Amino acid sequence: MEGIPREVLEIADGIRSMRIRGAGKIARSAAEALKIAAEKYEGAREPGAFRKYMARVADLLIETRPTAVSLPNAVMYVMQAVFTPASDFESLRNSVVSAAARFIEESNNAVKRIAEFGSRRIKENSVILTHCHSTAAVSVITEAYKQGKVVKVYSTETRPFYQGRITTRQLLENGVPVVQIPDSAVRYFMHEVDQVVIGADTITSNGAVVNKIGTSQVALAAHEARVRVFVAAETYKFSPMTVIGELVPIEFRDPSEVVPPEWLQAHRNVRVLNPSFDVTPPEYIDAIITEVGVIPPQAAIMILTERLGWAIDKIKQAGLTKLRFEDLVEE
Amino acid sequence: MEGIPREVLEIADGIRSMRIRGAGKIARSAAEALKIAAEKYEGAREPGAFRKYMARVADLLIETRPTAVSLPNAVMYVMQAVFTPASDFESLRNSVVSAAARFIEESNNAVKRIAEFGSRRIKENSVILTHCHSTAAVSVITEAYKQGKVVKVYSTETRPFYQGRITTRQLLENGVPVVQIPDSAVRYFMHEVDQVVIGADTITSNGAVVNKIGTSQVALAAHEARVRVFVAAETYKFSPMTVIGELVPIEFRDPSEVVPPEWLQAHRNVRVLNPSFDVTPPEYIDAIITEVGVIPPQAAIMILTERLGWAIDKIKQAGLTKLRFEDLVEE
Amino acid sequence: MEGIPREVLEIADGIRSMRIRGAGKIARSAAEALKIAAEKYEGAREPGAFRKYMARVADLLIETRPTAVSLPNAVMYVMQAVFTPASDFESLRNSVVSAAARFIEESNNAVKRIAEFGSRRIKENSVILTHCHSTAAVSVITEAYKQGKVVKVYSTETRPFYQGRITTRQLLENGVPVVQIPDSAVRYFMHEVDQVVIGADTITSNGAVVNKIGTSQVALAAHEARVRVFVAAETYKFSPMTVIGELVPIEFRDPSEVVPPEWLQAHRNVRVLNPSFDVTPPEYIDAIITEVGVIPPQAAIMILTERLGWAIDKIKQAGLTKLRFEDLVEE
Amino acid sequence: MEGIPREVLEIADGIRSMRIRGAGKIARSAAEALKIAAEKYEGAREPGAFRKYMARVADLLIETRPTAVSLPNAVMYVMQAVFTPASDFESLRNSVVSAAARFIEESNNAVKRIAEFGSRRIKENSVILTHCHSTAAVSVITEAYKQGKVVKVYSTETRPFYQGRITTRQLLENGVPVVQIPDSAVRYFMHEVDQVVIGADTITSNGAVVNKIGTSQVALAAHEARVRVFVAAETYKFSPMTVIGELVPIEFRDPSEVVPPEWLQAHRNVRVLNPSFDVTPPEYIDAIITEVGVIPPQAAIMILTERLGWAIDKIKQAGLTKLRFEDLVEE
Amino acid sequence: MEGIPREVLEIADGIRSMRIRGAGKIARSAAEALKIAAEKYEGAREPGAFRKYMARVADLLIETRPTAVSLPNAVMYVMQAVFTPASDFESLRNSVVSAAARFIEESNNAVKRIAEFGSRRIKENSVILTHCHSTAAVSVITEAYKQGKVVKVYSTETRPFYQGRITTRQLLENGVPVVQIPDSAVRYFMHEVDQVVIGADTITSNGAVVNKIGTSQVALAAHEARVRVFVAAETYKFSPMTVIGELVPIEFRDPSEVVPPEWLQAHRNVRVLNPSFDVTPPEYIDAIITEVGVIPPQAAIMILTERLGWAIDKIKQAGLTKLRFEDLVEE
Amino acid sequence: MEGIPREVLEIADGIRSMRIRGAGKIARSAAEALKIAAEKYEGAREPGAFRKYMARVADLLIETRPTAVSLPNAVMYVMQAVFTPASDFESLRNSVVSAAARFIEESNNAVKRIAEFGSRRIKENSVILTHCHSTAAVSVITEAYKQGKVVKVYSTETRPFYQGRITTRQLLENGVPVVQIPDSAVRYFMHEVDQVVIGADTITSNGAVVNKIGTSQVALAAHEARVRVFVAAETYKFSPMTVIGELVPIEFRDPSEVVPPEWLQAHRNVRVLNPSFDVTPPEYIDAIITEVGVIPPQAAIMILTERLGWAIDKIKQAGLTKLRFEDLVEE
């Protein structure tokens, strides 16, 4: 990749090879890469050339993991600054560098903010249920526990990968009393639960929450029992591509996560399906706790428009389904 | 147990030690024991003495497993004959022996009948979902498959004990195409499902179905999607004790079924709860398929009254919470 | 049909050729045929021979229209008397003749009774909505109107056959103020409606109501608006065959009822589906008004057991799916 | 009333003047009156004359309070014995006297039985909510409290008459911890409640529960939160007249119960409506606890048929809307 | 209309006389008229005079069809440019002309965009149901079909005007397999349907969808079966007047569309009601597909504010219920 | 409070001592105080000093009633102007004074606007139900009545404080026909009701409505019967603090409002709970009628962002839970 700094290429490679993992880390690394690219830019000192260069970097980054929602989020956020009208090159470069820095800082603070905002929504003497593992959800619960409001947390095991055990461990380390239960026992214990707090993988433009398989069942059982469901999610989980109708892809993982290989060999005719995520409709969610505030799920589109409006408009106008910034650079 | 035939005591012991297992086998063994007891009775040739003796046998049997619902069912069914007014001893003994034989025969045929009745309710080209393992449910599905009506069966794994794998294996052996899924994926696949067919552990007098943990979540997800839920259950699953308000006890099994022992040792503060059953309310069930016909769940009380009315009346009058036939023998 | 009186054969033929139509008429004609058959019997004067003969007549009648629910209803009702233990031929014949006469009389009075019972359930100043045409429903509404309780009736047109216009005409003739509306306007007007009164084609053992296509949508819209739905139905609409799992067959009628032939010819690739009936689940029905009283839909099985219990038991025991009385005659 | 014993007339008068009050007392007094009437009968020693006499007494009693549901219940129960075929007068009289005595005894024991059955349905550590005042409901709660299962009871004040304060007082006297709340706070506290236990004024043939105004709101709020609702009701609350379509009349009481007279005078144009009862549909009720067992609301018709079948049949056949036994006496 | 160009008057006349029909055409014609008016303006070269003139033209256009929602939409969009502060006349005129041109272009592309966005939301192997005729909905379905994702489309006939047949014809012409069904069969087939795609006549500020009569029933039946409902609607269907509380008027059309004239004459007492539209509440709609993106129904107000905010503010401040731009021109 | 004008201190005192009451009056008084403070400011003529001074005044005002939602609303609205970048002191002061004046004027007109907008949503011949007392709701109903659209209003008494009687009186004075009912009769009369119109105490960022205890029950009963619920609420009822997760505090008032003191003394063990407010979830509300338009409850966050965005951002960034403007003044 001629002209692109080595550090940037290393970050791109890290994301591609999954050495850099987790929605937040990916997002911040991408913003960092754009920041470095801007700082190390050595081409012509005029906005046009700089924009072309940055677009190339942006496209390079986005291609590293086409389905990660936080990645285009970070890139689009920074690239808005790139395409802002500017009189001279230096002020343009500066504003791009600050946009990247701002993104990184906000992202770093996001979980802390979510914990702060979300913990206020937990009532005194609450029994909480959570599903799978989410740093944001664990933070909300832990913060509320520190404020003396959490009596007990039900943590589902989250088959087939048992991510719930990570949640259990982290909560225990924070001193929170935890009860570990099988996924199938959620409705059994729901009548005791005061609030459900979960994370999110992706949030769509109409307010649906894509999260670990089983989440929608938990939310349904909560809804049936008038138990409120809070989703703790950083704004980089909000998917701009869903504004133009893109479906969030649901990965199907290996059968061997569900059944032992010997069982599979003994039952050759069986088919094993192992979807990673499901979709919880907005009517089962009371509020999404983001670092920019507590909103109803239906306001996801407002957050997307506020944060990434320019980029979304560009994609809409260009009729792109796959985001390509180089196509956006006007000659 | 003076005067009680050895074969009877052996059966009682078999039930107690769980050598005789499964709702159907327990019920038929108990009826067999009562039949043998009647046939081998050597006491005074008059109804009063015979009734006392039979009451002792009945109480002995019932105490072997106080929470098994099919056991008192069988005993009460036969004991109705014991307490029928009778002019002479021999005709009384004969009617008791036939009642026991009839119970055994009907019980033996019950699953076949349920398969026959239930398979008719399955529509052409059906995708079926089932949870846990139930011989009656497997039989309904298999019979419908043989009639060419079943396209595919989703079988949940049924954590923590994986009884769903038994279901999967049996269905595969019967040639039925099966897809094995984690419990948490039920709602994800529900939009494809045409009918849910499940078994039951116990059915209460107001039509609730107590069954393997997770069943109520499956039924809830089906209800949300207007998918009909059929429960395949022999009449000896209908609990007469719930008529007088008895709750069906929910067993909590060992944590080690849910988490590996080493994990448990590494997380000493955790509590693990492992309930065996949950309760599905009648509004989520379209019909119960029994060997005496297809009924709405709310007709459970009618079936109980028809089959065990006398015994239930006796219990109500005597104000007994624990069933004791010796108390029912009038001096 | 050797030995079967000509009048009986004529009735059988009348039902087969649809000269005798309507659930009530079919039922009463079948009972009449059995009555005549019994009265004109000229075989051996002993119960066994008489039973065989009657079984042949019964089977002949039932085969004339295998899907009409009122036909086996009438036949089973009368045949219970045929199979009652009897010491002598004459008393047996007499009891059969009275059973048939009783069935006919009750059936004749059924609509009047239903009107009487159902009209009491209509509140003062009611706006009623009805769908399709049902003599029983029209009678309930008319009777309530005569009592001064009906302000207005919404009558749906009931595409594709416009049976709603028959309802409209009959109600207008009875002086009832009627508003005719398209089927698609039901939900629009539902907020004005106080009660829905409809008829039934068949009622199943778990309380579902099979009725003219569109009925389940009407009931759903009523349920959404907390409007009570009453089904007016004679007991011969309750299907004994559904006790053993039989599905009520849904007839698909000719496309030409839905689109004009020229349109169909101009659009050769189109498929037109024209189902006659749909199924309303019991949870959308507040009560069924029968000539034996006002019951919840879930009590259909109780009515069936009370009226046709013996015959249903016989079918269950014999494992028959198609009703054959000759198979029930013990040698 | 010629020929009717003075004690009987006194009871009739007591019911009419509301000196004898309460569903249970009215029912037992009526049965007592019929018992006395039978015992003191001095007319012709043959069944026909006796039946006519008893029919007159029965009609006299029923007319004393035409809307009390327990009154015809008691009378119909006893009168079934009157109309039983009998060879001689004395055995007929005896069976009538025993029927009356049995009714009285069962009625006297009913509340105790209901407490026993209902208390078993209360789970450990339950928070219970009740509305208005019902002896049966208070007994269930108290019995469950004695078994150590009740943590707290929310008792609504039950405007406009504050019958909830009677409930509160009785529960406090029994040692039960009570929280008194306004009717409008029911939904606020519902998320803490485990079970709702209420009484009933009348239960209809399709399982609806007519009870103190506000009950249906309580049940709705419970249903919304998946909280089970138990209705504690003696079988004499089940209305046989609803089988033939009779609506349960809803009394509107005086405005002065709702607003002070001076307010009413200051606001002459206002209309004040003060209905005494409302109707809770069966889908909001999990079980009815009666002295004959725990049943789903839809089994009310089964109970009515079992207890009062003969009398209901007579009324249906005679086409009576107002119950008159004299019309039932065949010449 | 002195001083208003002839072409503008002709367009106004075309809309008034319904020669210009269809929401899109009306909107674009109105924008075109405003563009022409601006271009041909010959009055004083200063902003104030130009604004007065444009306001007169705008008011003239709006009065041509007071109930058409797309008309004020187009006019308000362009008029925002008219009232934008401007230093000189020419730049003001230019910005007005571009606003009109932009509106026209976006409107022309709207259906294509909606097809693009909406088709992405259709899943593989989908069975789709649609109601009535909507160009946007047909485009979404056709586009998804071309992508190989549509198995079958159920098209309702849409009584009384049979617009569904237009949908059927267009889909068939596009090669899509269609099944034509009566409106009353929607719930019958809903269990087979994966997604509902419909158009809209008007969308209100709180997210309700006004569309052809029957739409709300379709949406209700979809909701009951957890089937997602997508509304394909151009942004000029969003009604700005509903922000200030205006109700969308529901036209009642002629009875002769519902019943033949001879039937009407034969039944003189009948009333026939034929509403054109009904209102689907937002809770039954999963997403609205617009040319500016996929949004939840509750974001309609956001779209309105973004596109027409200035005009809506003016109306609110002026307290106008009928939109008059001349009143907005400050002296 | 050195340097703060006496009039400002008097207003602060008036709010603190509750001499100034009612959400609207408090809000306008606070804006007035800020206006006076700005006008009378005598410190250094430069923005920095002025901002510090105004921040002190703002903090003083906010502390007077920490839980009143309209107070910070007014203060934040005006303070946005204080923190706007400004070149010189005078223009800054002027813009602050105008912001305060604008707030006061809009607030004064708010109820009139709401009446205008809301009345348009009321349909012809409407029966309306309202709960408690709200000036905005009374205005909507009265305005609709004047337009000839209101047939009758059900007004709940609203225990324990009977604020419903104030509503009743005001409506009667305006000529509106009113029926006064107990709170417990809401569901009984709901089937007659066409629309519910209520006020609000506070509206949260995710669209929940905090209002007088009982409101959520009314809304639930309306939802059950498909009756639309409109909330009439000025925008100063929208709580900016809920954006950062603050819960709206629910005041518990004195037991003596619920029971007479003598009753309390006679029942010393009783606990009486008297919560003032409850929370109605957004799914039970069709629209909120504000002075800026008719919106879905989920758009509350949009209104908050538009009106108070700057201040909310400041709070979020500063991580404040208690609003302190002095902390926002940059050195």
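Letters are used for the chains, namely A, B, C, D, E and F, taken in the order the chains are written, and counting of residues starts over at 1 for each.
The rule is short, and it goes like this: contacts are C-beta pairs under 8 Å (C-beta built on N, C-alpha and C of every residue); 3 or more make two chains touch, one makes a residue touch a chain.
Since the structure is predicted, the reported quantities are computational estimates derived from the model, not experimental observations.
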{"item": "Touching chain B and also chain C, the following chains", "value": "D, E"}
{"item": "Counterpart interface for C-E, drawn from B-C, A-B or A-F and sharing over half of its contact pairs", "value": "A-B"}
{"item": "Approximate Å spacing (C-alpha centroids) for the pair chain C, chain D", "value": "35"}
{"item": "Cα-centroid distance, chain A relative to chain D, in whole angstrom", "value": "59"}
{"item": "Approximate Å spacing (C-alpha centroids) for the pair chain D, chain F", "value": "47"}
{"item": "Chain A, residues touching no fewer than two other chains", "value": "224, 283, 296, 298-299, 302"}
{"item": "Pairs of chains, among all present, that meet the touch criterion", "value": "A-B, A-D, A-E, A-F, B-C, B-D, B-E, C-D, C-E, C-F, D-F, E-F"}
{"item": "Touching residues on chain E, where the partner in the complex is chain C", "value": "157-160, 165, 168-169, 172, 177-189, 213-214, 216-217, 220-221, 224, 258-259, 263, 267, 269-275, 278"}
{"item": "Chain A contact footprint on chain D (complex, rising order)", "value": "190-191, 194, 224-227"}
{"item": "Chain E partner contacts - residues on chain A that touch it in the complex", "value": "204-207, 242-247, 281-283, 296-302, 305, 312, 316, 319, 321"}
{"item": "Chain D partner contacts - residues on chain C that touch it in the complex", "value": "113, 116-121, 123, 283, 286-287, 289, 292-296, 298-299, 302, 306"}
